[in-house]
Amino acid sequence: MPDEAQPDGKEEGGASAPAGAKAPPAQDLRELVEREYAGAVLEQTAYKDLASEATLVVRMDALVQAGALLRDHPSARFRLLSDLTAVHYPGDERPFHVVYHLYSFDHNRRLRLKVKARDGEQVPSVVPVWGGANWMEREVYDLFGVSFKGHPDLRRILLPEDWGSHPLRKDYPLEGRGERVYTKPRRKEFGD
Amino acid sequence: MGIAVEAVIALVKIAVVLGVVSLVVAYLTYLERKIIAHIQQRLGPMRVGWHGLLQPIADGAKLFLKEDIIPDKADKVVFVIAPIMVLVPAFVVYSVLPFSSTFYITQVNIGIFFILAVSSLGVFGIVMAGWASNSKYSLLGALRSAAQMLSYEIFLGFSIIGPLMLAGSLNMQKIVEAQSDVWFVFYQPLAFVVFFIAALAETNRVPFDLPEAETELVAGFHTEYSGMKFAFFFLAEYASIMVVSTVAVTLFFGGWQGIGWIPLPGFVWYVLKLGAMIFVFIWIRATLPRYRYDQLMRLGWKFMFPLVMANIFLTGLVKFLFL
Amino acid sequence: MELAFFYLFAAGIVGASLLMVTRANVIHAALLLVLAFLFMAGLFVLAGAEFLAGVQILIYAGGIMVLYLFSIMLMNVGVAVRLRQWHRQSVLALAAAVLLGAEVWAVLGRGGYPGAKAWGWGLGQTPGNVEALGEVLYTKFLFPFEVASILLLAAMIGAIVLAKREITR
Amino acid sequence: MVPLTHYLALGAILFLIGAAGVLMRRNAIMILLSIELMLNSVNITFVGFARQWADLTGQVFAIFVIAVAACEAAVGLAILISLNRDRQMMNVDEINLLKW
Amino acid sequence: MFEVESSTRVERSSVVPGTEELIINMGPQHPSTHGVLRVILRLDGETVKDCDCDIGFLHRGTEKIGENITYTMFIPYTDRLDYIAAPSSNLAWVTAVEKLFGWEIPMRAHYIRTLVAEFSRISSHLLWLATHALDIGAMTVFLWCFREREMVLDLFEHAFGARLTVNAFRLGGLFQDVPQKFLDLSQEFADLFPGRIGDYETLLTDNRIWLQRTRGVGVISADDAIDLSLTGPILRGSGVRWDIRRAQPYAAYPYLDFVVPVGENGDVYDRYLVRIEEMRQSTRIIQQCLAQLPKGPVSCKVPRTIKPPAGEVYHSIENPKGEFGFYIVSDGSETPYRVRIRPPSFVNLGGLKKLALGGLVADVVAIIGSIDIVLGECDR
């Protein structure tokens, strides 16, 4: 399976690469983050290869700073937030893992950031770092009920405004009436 | 009893012209569908009659029998009057068109002026329809069409001044007679270009079909119309295509005058030229995308207006110096 | 015949304008005014002023009234209909209008106009009054004509300046 | 041949209707429309006189009246639109400030 | 004394709301929102002052379904995500799962997958071009594009027995080898198609009205595009030469030669040019695939019950619309613990507000067309 990164320097980056930002990719991203914010990275898993499956679990209060650092540091440059989602582990102490998939054009590699949140705990919003997180965080809020601190416009996005529950949680009933009560939404225009 | 006979003759003429024009306009829709279909490499209507020849009649019957819906919150009186207001001016204009050297309903000495004036009333129907429907899309369409038709009427009016200066009359027959040697399109190419663009805009055709832009305003001013009322708008559009094509043929292509020695009756020449003109209208619809509202206005006021003014000035100068 | 048509048109004009003045909905009023103008154009044709009839339709009905409708649609009429329609002084105004009417009636009743002169052009006669009108307009009344065009220009500039919005962006 | 008095009477009636409209209505657009009606009543008398005396001056003046009406409509509507935009008012008895 | 008061009348007219502002609900049944998208526009005259998307009309809970069925059973569901380019979605899922398992796929399967994925790209781009041109008013392009799209769908029918939701691939390769007729017809299509692209371009590329409607409309800079996570032709239209087929190749792409086109100005026109050029490149790839197609089996050995190791994987491919990815968390059982679909349309549509503000209504139509959304995958 050819999923090794192809060293094809002239193809990537292109017009978007700012001047003088090319630096060799950091070998250990944990070290990079820890140098700036000590204790920010809680664990590092599945470090199979640089290209795809590197995972850092970040402390929640350091998330935004670490994100900004990873975005701007010349040897990281994770400028694209490919994906933002969550996973629900109902038994855990911190059941909601919010997962960020980052991509670096300069070094052609991916990084997975994770934040673990308690039920009802607010995760800091990364919209200031990656603008594309706006809708993705709204979706996580909609489907998991994880709310984001500092999000500019946190509304439900896929489900009706007053769905009342969050279907991607593992405890969401798959049949029967359960929580799937749908009432006619109040008419709403342009946010609140 | 002279006046009664005259009145009867006039009524018969009106009936004939109205009947023929209605039929022709209905078949214009068929023609358009067929031509566009073949440009787009498909067949178009094929089911009703031989090669779909009875399609317009079937369409008419369908529209006639359709339920006529008036929206609940619409202004009912205005809503009902609007399609009539669109259709009537489009047909009234036929009363002064010269179909051949002998066949016309009436001759008015302000002929072309009359056409301009009456066809300028069509915009009322559109504005009324857009406003009375009480729908935002319709209102936007009505606003657009008010601005568009008001502006382009000006260019239309100015563009015909050049040929009129050459003909020295407003009477349609005299204008045609003045072109017995050379068609005015050769003297007045600029005027013709402006006239044609303005005519496209006046009849709400692509690329100026902003008032009804299906993909932006759904259908613009006639979004809420159905059945016969919708058919009225449709008929009016094609009737005005006929009118502007006739005016173009009359003003620029010598009306019913033939080319050289080919012996054909005037009416045939008229129909041939009209057909060519209408074909160009349809061809353009199949080819071009739609302008944006501001671009339409810019094209009008910054390009066509100076052009047509220069044309009038030049025509006057040449006429003053050499004639 | 001519008189019958005159009465027809006159009735149309008066009826439409009476309705127009009393409408609460401004759009209806404007449309009724258009109707009155169309009748008026007919009246002009009757009086041998074909060119003026054309101008009446083209400029008044097709131009000015569309401008009115356009502006009215830009403003919100829906609410305006529910407002009080009549001015506080309206009873007084009505009285004044009736008085003025009585006076006009009295003056008109005295009559005494010189007889009609021959009319060189008229309904259906081909030379038409367009040429004649153009002749008069561009010779005898050339100066007023030019003044009118200056007036139009001034009005255009004024309207643009008045209705223009401050560009904030 | 329509007698001159008919034209004059029609003109007078329209003028009165228009004047009553101007004085009685609150809505500024209605007032403008009434003014248009008054201008047209004058046109009718002009045309009537032109007919009576076979003189085109009346018709020429009617054309000038239409030009003036166009100016009036443009400027009047511009004022109304800017008023409506800034102050949201359309009624003349509320427009009582000289500046804002 | 002269009061003509009526108690129902309102005295002050100050209740008249501000003029010229209009809130328009574009959709969910609007001809140019391309599905059940509702865009709420606040207009000042014709200028867009605010823009808000209301999506979710087509939400079917696909991710939740994925957590409750096996890996194989989920393949048909991926068809219904980006139903315009169904094989592309299939490819994303099977490659993601194969990455989770660590399977090696036979070369022939790789090539056929690439071939079909490129056909799906062409089909998707044709539908995009058709509707986009129709939105801007060019009617003929619409029907021309559908003529060619019909040919592509016929090809799918030859290979997989279905036209739209083809269920093309299986875990480990293909269900069976494609018939020879499919390959012949593919060759025929690949020879014919560049000329047809030329036909579309004749109508649009140098058309003055088309230029006026698309140039300088919906401009987004490369930095903004990256910030908003826009991917696919929008990102490339802004000048970022990034294509997952080239940057992190999958299937047979490492062995194929093709160019990644980029735009300069990031406007609707550049996105149009990029997609047109991508269709050409897709044709090139198809030619190469057909020429290099190796012989051999089309599937690796697949166990009867598929139980992956516990772990997580993120894998994305270059869908016609952008980065289409799957994030799969496995707990070692037969069903995934969590299936996350990374939808390109959803993320790209998030940039609509940025693109549309300050433009005119007609521009919104052009911009939605140039984003190229499909609501099946946006709403999931």
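Letters A, B, C, D and E name the chains as they come in the text, with residue numbers starting at 1 for each one.
Simple rule for what comes next: contacts are C-beta pairs under 8 Å (C-beta built on N, C-alpha and C of every residue); 3 or more make two chains touch, one makes a residue touch a chain.
Predicted model only: the values in this text are computed from it and were never measured.
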Smallest number of contact steps required from chain B to reach chain D: 2
For chain E, the least number of touch steps when starting out from chain A: 1
Centre-of-Cα separation between chain D and chain C, whole angstrom: 7
Separation of chain A from chain B, taking each centre as the mean of its C-alpha atoms, in whole Å: 59
Distance from the mean Cα position of chain C to that of chain A, given in whole angstrom: 69
Touching two or more other chains - residues of chain E: 13, 16-17, 19-20, 23
Sequence positions of chain D contacting 2 or more other chains: 81, 84-85, 90-91
Footprint of chain C on chain D - complex, ascending: 1-2, 4-10, 12-21, 23-27, 29-30, 32-34, 36-37, 40, 43-44, 47-48, 50-57, 59-60, 62-64, 66-75, 77-82, 84-85, 90-93
Chain C to chain D touching residues, read off their complex: 2-3, 6, 10, 13-14, 17-18, 20-21, 26, 29-30, 33, 36-37, 40, 43-44, 46-49, 51-52, 55-56, 59-60, 63-64, 67-68, 71-72, 74-75, 80, 83-90, 92-94, 96-97, 100-101, 104-105, 108, 111, 113-114, 116-120, 129, 132-133, 136-137, 140-141, 144-145, 148, 151-152, 154-156, 158-163, 165
Contacting residues of chain E [partner chain B, same complex]: 22-24, 30-32, 43, 46, 133-140, 143-144, 147, 203-204, 207, 209-210, 212-213, 360-363, 365
Interface residues, chain A side, partner chain E - complex: 1-3, 5-6, 8, 11-16, 46, 51-53, 55, 79-83, 85, 87-88, 99, 101, 105, 108, 110, 112, 130-136, 139, 143, 157-160, 167-168, 172, 174, 189-191
Residues on chain C engaged by chain B in the complex (per definition of touch): 25, 27-28, 31, 34, 38, 50-51, 54-55, 57-58, 61-63, 65-67, 69-70, 73-74, 126-128, 130
